[in-house]
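I've put the structures underneath this note.
Heads up, the next two complexes both have subunit A, just with different partners, subunit B and then subunit C.
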Partner chain A sequence: MKTIKSSVKFFIFILTGLILLITSNIVGELQVYQGSYVLTYGVAIASIVLLTGYSGQLSLGHSALMAVGAYAAAIATNTYGVTPGLAIVIAVLASIIFGYLLGSVVARLSGPYLAGTTLALAVSLPTLANQFSFMGGEQGLMFDVGTPPSRFGESFSLYKWFFWICAVAALVTLYFISNILSSRYGRMFKAMRDNQLAAQLAGINTSQLKIMAFSISSGMAGMAGGLMVMLISGVSPSAFPLSLSFLLLTGAVVTGVYSLKGVMLGGLVLVAMPEIADIIALNVGGSDRLTATLPGFLVSALLNLAVMFAPNGPGQLLNRSHLKKKLGKEINDQK
Partner chain B sequence: MIRNNRMKRFSIVSSAVIVGALLLGVAPATAADPGITAKEIKLGMSSPIQGDAGKVYGKLPGAMKAYFNYINDNGGVYGRKITLIHRDDKYAPTLAAKQTTQLVINDKVFAIVGALGTPTHTLAYGSAQLAAKKIPDLFVNTGFSGFDDLVKYPTAFTVLPSYAMEAKVIAKYIKDTPALASLPSAFIAQDDEFGKDSTKGFTASGYKFAVPFKDTFYPQGGMSLDRAKGALTTLNGLGIKLLVLNTTADVSATILKAAESLKLEKKFTWIIGSVGGDSNTMLFLGVSPATIDGVIAASFFPDAKDSTDPYIKQFMTINSKYNKGITFDNVVLQGMNTAMLTVQALRAAGKNPTRAGLIEAIQTKGSTFASAALLPLNYSKTSHVGYNGYWVGQLNAKGELKPVGGTPTIYTTDSKSGPVVVSSFKRAPLPKNGIPNN
Partner chain C sequence: MLKFLTTLLISLSTGAIYSLISIAIVLVWRSTRVINFAQVGQATASTYIGFEITTRTDNFWLGLLGAIFFGAALGAAIDRYFMRPLFKNIKTGPILMIAPVVATLGLLGLIESIIGFIWGLENKIFDAPVSTVGFTIGDTVIAFSPFNLLILISVAIMMIFFAILFQKTNVGLALRASAYSPEIASLSGIRVNSIRTLGWALAGGAGALAGMLFVPSASLYPTSMSVLLVFGFVSAVIGGLDSLFGAVAGAMILGFAINFAATYISSSLVFPMTFVMLILVLLFRPNGVFSIRKNRVDK
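== the complex of A and B ==
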């Protein structure tokens, strides 16, 4: 299989960062704000790709893992007064620890049992906030990032500052994950996913590997949760509903659950759907209720289409067409 | 270390790009306020349509749109039509934050108006950067006295009297009514700023409940029928005779229905705050008229069913034409009253309003605006709280709130330790055809 050299990969990430930096200075405030969400969702989708696509463990509870990161960040700033940047690091660490514990419990489960357990987690965990006053109950906790650094000037908006933070966090996370996946751990993940017994016979400790996948995936989800709490300026149980887990999983399936390449496209889909729904509702003269329910319908429809026509993402369609052309050329050459 | 020419070229290009990007990033912003043109003023609103809160308050944006459409058909505000863009927040704080931000940066509204809820709007205010962007936040439907913190919420104007004021008025009413003063009492309230603000008011008034506050608080969204039954059984066992509810209307209905199923509804004397004492909603949610009959409730509006009141009559007329199929009730009254205040505020800001001018206009002229409420408006440079008191009445089986003794006694006070006084306030007459001419 063709692999990208690590130095080239590094420069691709640097170049992407530069493009994002330039783009943030050209587009308007709305696009910058939406871009922050695309990057945040992209990180969350990448965490699902790692866990489900590479290590073969289905999780329906990623919204809960994001909630762990979000609450860790908010409590760190509210209770202990740490800086927002450090709070996001704490969000990642707290989520890794939580993921490790969760992975230790669910390592023996697979298939519907694993899905059911993580589903229960997504349902129950955010509501725990109602039981403890330090988590702010239904009202939640505030998360104030403050103003952007003064060196950027007065016209530098807070949304642009959010975007830069999200861009750096997303690029660093994706670079780190892509390196892991192209290392021997990535190959071990794939081996475990494709045939757990064969992987064990080859000397792979699959239990440890599952816990590792859960820990890393949870840390990434926690990062996304930390970024989201920054974007919303606060956290409450309602920010992490069960539907968010399904939405992220849909984003992963739509863009290809076996590859990291499409994660930002997945984030884009999740951000664009409500906007598209608004336009449709406006054009058909729909009610507020139609506007509110249409995004869910569109995402579901897209999920069905993806499963029917491109279960491995849009890249599969391109590859298939490329393969057809290549095969056709070879057959013609033989003739 | 740069190892070859290719990388060197790349790093030079990268540096140039970074410098260019940073220079572009400090380009000056445009000066004009968004959301206003020669023909239109765009306002934004975030409130629930779906969910439990949506069942109760879902009529609010429709009522406001109806009144604005009525004004638009009668010339608008100095020739400008008002467009209200509404986004559903399902009464979820984080969604409210997102929706309010969208109103500001996507819909580019001139001002936010009529946002609903304390937990939702405290988060939304910060998230949408309403203070930093100096965006007027008009007539928020909350009684949380914290919004009167002009450092934290400099552009917000609440419309409801604070929950602390309400608690102080209810405490005075209990103390001044011999039949109630001696009854052992308990206070059921939501465990957030809504309930805590009321607690502050009761504490300031010196009134003592027989059961500690913390024992009867419930989390928002956490009052089920079973929980209500458990609480009422316990309170009845403790010999409590007077129950004061500071709840939303759906929770009031849940508690009263729980009392009905336990046959305790007449064992308690009920006092319900203005938010939860919406009789139409309680009846709609299945509370028996016999249970409603006799409930003591606080309000700052005339009864929404009183079609002899000129404001109510005018709003009912507008509702029947511009909000077809919607029953007129307290929520519709609140929506239309908020819209009428908004029109007056925009007019007070002059023929070419700016965001700063709008805030200034409410601070200096807001206390003189015509309004359906029986209480005075309290806006000034130092206070952004709307009405500053309540009257206390009794509901009948039809859900009508009637003053005890025939004439409502108007109590005014503040959110702190000031006294509760009986006011002689007379509200301004209805502008001709309900169209402000200030």
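== the complex of A and C ==
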């Protein structure tokens, strides 16, 4: 039974990949470029879902973790001349190591302490990059993925090449993560999140498990950082601001922080939001001020509405009546 | 020697501003067990109100008063109409832990974009009521100015106000009681919900004062106080998050550490050092540097 299920899952992932690649041939250049962003954000949001939704640790430092991946990729290509594909692998490895070290220090913290500490990390880590000359200081480092291979033909554009790389990277990562989350580790994460003491009594080493969640999540964030550095063809201390962390958290909360299913939708929301804001601002004939502030306003408003009315994800809104019935029954049972 | 003395005085005035934000964070934490990441957003909004009043009436003190009242009202409104319904909606489940953090972050974004829409994203020039040119000792002009002196005096007045409020009045007793044990406080007739809202209001007022004192020597734009969030939080953690005295002492420790490191080593060390201090405190003294208890905060 289990083997059939996982092979079906594998098939679905392959199918999604094919559909993505075919779509990239139909839509325009800009959409392809935006599509790469959707995939990159999706990977980053998945890393937050794993850490926050499954293992119950809230991080505001994912922009810093992405920066680690981005710098690792850029340094690997610039200083050591490795190929871009390998550079992304190095980005993942570097951020796994960084996440392991960070996790060993901060994983014992909980709730607001962890949030504040990772917030401080997100603010302080980019300023460190100014200190070292091999990180390129304020200007940062360039990252050139090179021209697409010639066997794809003349009409194969650079953006399409970006999209292909992002699609393959995102699908591989998500396949890997969804397998982890449906394994015993996923269940251990959930047990730890729901009741740490009970999980410990069941023989789970929670402090090790938390560090593990941090390392995996960090590796995925590093992957997203490596893809991001490719898309913006460089990295600088200001490329990964704290607001990026907030953005990713919004994407995760809005599409349901407890489920991996919504991550691509979250990426889509993050990419679409500025576009929607532009359209609204244009239609009401707004000033420059409105155009500049509306995207931030919409994202924050969406975050607040989500926390207020659908804290467990949008799926909650759909079967709310069902949920109420269930909860009411439980309360009656307790009486 | 002069350099040392100047750094000492500047540290005091930086620490004074940090301590206001850190007091605000501690007040909210004590009353609702929420770290209010929107605190600096509220403070910036209050500072813009103070700025408007100051430019219209040409009187900084009127602006300061307006800002403090607006900050207090905003804080109370956020608790009454945002946080209370939020906690009513979310009673159980793992979301309970992350919801307040996420909600206050969303609030911060909301406040910042509304400020940006009303006042624009560009820098506003906000002149200090007294000179920001340093005092002259002998022939040299030091970095410590009359405005820094004003900061120290205002913060001292605020501290005395809080000390009297908390130690000598019934309201202060109610505030302490509801922070210590909400259930017992409500059993003895204290309206815990109103007292919580009062805590948010006091925090909003303290934040507004911090903004009005911070901005004239820095600059005013929608996110101009974001750095204070980090420093305020770290100060509060150094002091143990639960005591007002700890908040002030933590802010002073941080102010001294940052300024001395910036003067004598390198100015780009400010953030990394803040982070390292935070980690060290959380690892070795998770209940604050003044705590004697050894147990970890793991609520």
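Here, the second predicted complex is superposed on the first by the 313 of 335 C-alpha atoms of A that agree within 3 Å, B and C clash if a C-alpha of one lies under 4 Å from a C-alpha of the other, contacts with A are read in each partner's own complex, and residues count from 1 in each chain.
The rule is simple: contacts are C-beta pairs under 8 Å (C-beta built on N, C-alpha and C of every residue); 3 or more make two chains touch, one makes a residue touch a chain.
Keep in mind it's a predicted model, so treat the numbers as computed, not measured.
Participant: Following superposition onto subunit A, is the placement of subunit B relative to subunit C best described as a clash or a fit?
Facilitator: Pair status: fit.
Participant: For A:N130, select first, second, both or neither according to whether it touches subunit B, subunit C, the two together, or no partner.
Facilitator: both
Participant: Scan A:L303 for contacts with subunit B and subunit C and give back first, second, both or neither.
Facilitator: Second partner only.
Participant: Would you please give the vertex angle at the Cα centre of subunit A, with arms pointing to the Cα centres of subunit B and subunit C, as a multiple of 10°?
Facilitator: An angle of 70 degrees, rounded.
Participant: Identify the partner contact of A:L58: answer first if only subunit B is touched, second if only subunit C is, both if each is, neither if none is.
Facilitator: After superposing on A, A:L58 lies in contact with subunit C but is clear of subunit B.
Participant: Please work out whether A:V168 is in contact with subunit B alone, subunit C alone, both, or neither, and reply first, second, both or neither.
Facilitator: In the superposed model, A:V168 contacts neither subunit B nor subunit C.
Participant: I'd like to know which partner A:I97 touches here: subunit B for first, subunit C for second, both or neither.
Facilitator: In the superposed model, A:I97 contacts neither subunit B nor subunit C.
Participant: Please name the chain, subunit B or subunit C, that touches the greater number of residues in subunit A.
Facilitator: C
Participant: Should A:I180 be classified as contacting the first partner (subunit B), the second (subunit C), both, or neither?
Facilitator: Touch partners of A:I180: none, neither subunit B nor subunit C.
Participant: Determine the nearest approach in Å between the Cα atoms of subunit B and those of subunit C after overlaying the two structures.
Facilitator: The answer is 5 Å, the least C-alpha separation in the overlay.
Participant: So subunit A touches subunit B in one structure and subunit C in the other; where do those two contact lists coincide?
Facilitator: 130, 289, 292
Participant: Can you name the residues of subunit A that touch subunit B in the complex?
Facilitator: Interface residues on subunit A, with respect to subunit B: 11, 14-15, 18, 21-22, 24-26, 29-30, 33, 130, 137-140, 142, 144, 147, 152-153, 155-156, 158-160, 231-236, 238-239, 288-289, 291-292.
Participant: Contact residues on subunit B for subunit A in the complex?
Facilitator: Listed in rising order, the residues are 10, 14, 17-18, 20-22, 24-29, 49-50, 61, 86, 88, 90, 92-95, 97-98, 101, 105-106, 118-119, 122-123, 126-127, 129, 132, 191-193, 219-222.
Participant: So in the complex, which bits of subunit A are touching subunit C?
Facilitator: Listed in rising order, the residues of subunit A that touch subunit C are 52, 56, 58, 60, 105-106, 108-113, 115-117, 119-121, 123-125, 127-128, 130-131, 193-194, 242, 246, 249-250, 253, 257-258, 289-290, 292-294, 296-297, 299-301, 303-304, 307-309, 311-312.
Participant: Per the contact definition, I'd like the list of subunit C residues that touch subunit A in the complex.
Facilitator: 29, 34-35, 37, 85-86, 89-90, 93-95, 97-103, 105-110, 112-114, 116-117, 120-121, 226-227, 229-230, 233-234, 237, 268, 270-272, 274-275, 278-279, 282-283, 286, 296-299
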